[in-house]
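The structure under discussion is supplied below as structure tokens; questions concerning it will follow.
Lettered A, B and C in written order, each chain numbered from 1.
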């Protein structure tokens, strides 16, 4: 399927992957499962690997847990060190365009492609859609009101460092449900899930500040 | 006072002991070895390998011993083992024209380059029980051919292809890598490569019945056994680091190419079309049945009228796998107390209602 | 109950890591699209199809060494299939197992939801034989998939309506179809409709695995799950005239036990842990063991 790239890897030694590929991946996955099951709640990931720039540790953990040669990955910043690290640990093929990706990593949200540029799934197979990891500056206790599956009444959270108008495009994404993309916001060692089924309402000023 | 039945675990362990005892049979009779099964029950081994999707004669023989000869159970054992094996790569397509033949026949031509080679076949045995086999026999000595068979023999379908009478077998647009049904779920409509994969793993009995139905008017096909060949082919892989093909061993295959007439369409002139069957080991019945079903499943592609079960890919492909079918049929043995209780309640409710209505009517009649 | 020794030669929880990743990805999509059946590359398991291979693959993909696993079949921990699946995970994963609902972090089930309310820290894993709720009305997957895409569930409504016309009520008593989050029609697996209300807004994540049919689906916690009905024929659940003969419960699903061949029968809780807990707390029923008298105790 994927043809391993034979370009020479930079002289710098590769960072290791997960310490225990079985137990670490399981521990990380369970937190991810909860993160998407309980949108808007921040989950701190265990067993974090050392990750090459510009990945946050939690992003590296998600990739090492979920991707392999069957999942095309799109990187906003495909640095040589990062692609070498991913090729070695995951043998994931790199997607040429966002539309080809099963997973995508955004490290500069202000310059991210529109959500509609990623695979949205098709009516018969809405699961054939991208999961986009968006690295952000951090989270705040309030600013957004989330409702939908996984949320008993409503969930309040703030997400810092997103481009202006981001939540309007999210509303477009949500309107496409059951098509659409699912997001994992990452800041440091924390991940926060936002599946396409979640409605987001802005309840405070300042959440769209471009930090 | 009521005490609920317990001890599930003990019961399970005891049943394993009983099973082992039953498998061994009379301890006064020598125990059979997988080696004996491999050498002397080779057709059973071939079926287990084919439908178990794993070419390993020794493991198939072991599975047959463990399953006390139950082929579907043995197939299941092999499949469950196969799932756990790491995947090193995919082989290069085998070239059956370069098969070291043990058998090769065509029902379409009386003679053809390379000739008809009967080989080891039950076809012309008169099915009389051979009581001499009751006793140990000295090993038979195989007859020797006057001259060795050629290294390669052209396939009958290739001979017809030269004349343009046979549809060309071309890769699909862009030559996409075939799906791997052991890794990905079946989805519909399934392309031919996927269908063939499904049929190759499919239950011989099911395919036999489906293929048979196409001969009896359920799907209008007129098959000729263009060629059946059986023998050894080399299996090659291209390691990434080498970039060229290396042989990793030989496997025995049976291949069947059925030839079916096709009236042609607006874009395609009348020509012969193919049905294809391939199985591990000596498995002629399976390969032939598979070829018939492959052809009938091409009905929609060839614009033929769809009216028979063997033409409906969802029906055929969803029910061909005997490990799936056996599991689900037999799961009816599992407790269904809860659903049964629900049905019981409903039935009582419906009967009570009916009795009440019935009684009401009688009462009404009496007052009149 | 757990054993530190696990079956050698196999990965933790039997499945290889590549397979677990594939199933984990499918589970995340299942959670993101509540009630939608995600196709997955179901593997041949060492247990037969139809005997819980979907549930086993889901459990194996989420299970960790610190989990406490409960396995029930028909509500009971000690039916042979439940025992067998529990043994499988004891052997291949060495995890702790329990029969107590509240102690479990993962509950794999066939045909029941425990009577005790579940918590946010628990995950339910359902074994599913036939994931397509419209499969008995329309066997072709190409058709049902299209109907799901269009959210066109007229077929099911017509079936239920015909039931009412013919019998005066809806004749489905188990695997009663539900609408998840107002969008996807879903088969809740053959749980009695008695259990359907427990699916609605459950604090626990609920995962469904159909091995032979190669589908997984999910109901996230706190998700709307409505059993289909009509305004003039609202959904209702079974009730029994008798309480449980062993613990006196009047709020649980009861199994009918035939006592003799003269019509003698009694009803007992199908949830064995619920019944046991109630009995331990001193609740009794008509067939309870006679308490030891003082003379016997002396």
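To be clear about the criterion, a residue touches a chain if its C-beta (ideal position, glycine included) is under 8 Å from a C-beta of that chain, and two chains touch if they have at least 3 such contacts.
Being a predicted model, the structure only gives us computed values, none of them experimental.
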**Request:** Would you mind checking which chain's mean C-alpha position lies nearest the centre of all protein C-alpha atoms?
**Result:** C
**Prompt:** Hey, which chain ends up farthest from chain B, C-alpha centres compared?
**Reply:** A
**Request:** Could you find the two chains linked by the most C-beta contact pairs?
**Result:** B-C
**Fill in**
Expressed in whole Å, how far the mean CA point of chain A lies from that of chain C is 32
**Request:** Measure off the straight-line distance from the CA centroid of chain A to the CA centroid of chain B, and report it in whole Å.
**Result:** 43
**Of all residues in chain C, the ones touching two or more other chains** = 22, 39
**Asked** How about chain C: which of its residues touch chain B in the complex?
**Response** 10, 14, 16, 19, 22, 39-46, 48-51, 53, 73-75, 78-84, 87, 110-112, 129, 139-142, 167-169, 171, 173-175, 190-194, 212, 214-215, 238, 245-246, 253-257, 259, 266, 268, 270, 272, 287-290
**Message:** Looking at the complex, which residues from chain A come into contact with chain C?
**Reply:** 21-23, 25-27, 29-30, 32-34, 36-38, 65-68, 70-71, 102, 123-127, 129, 131, 148-152, 177-178, 182, 195-197
**Request:** Spell out the residues on chain B that touch chain C in their complex, using ranges where they run on.
**Result:** 1-2, 4, 6-9, 11-12, 76, 79-80, 82-84, 86, 183-189, 314, 318, 323-324, 326-331, 334-339, 341-346, 349-350, 353
**Complete:** chain C contacts chain A in the complex at 11-12, 17-18, 20-22, 24-34, 36, 38-39, 61-65, 145-146, 148-150, 181, 183-184, 201, 203, 205, 218-224
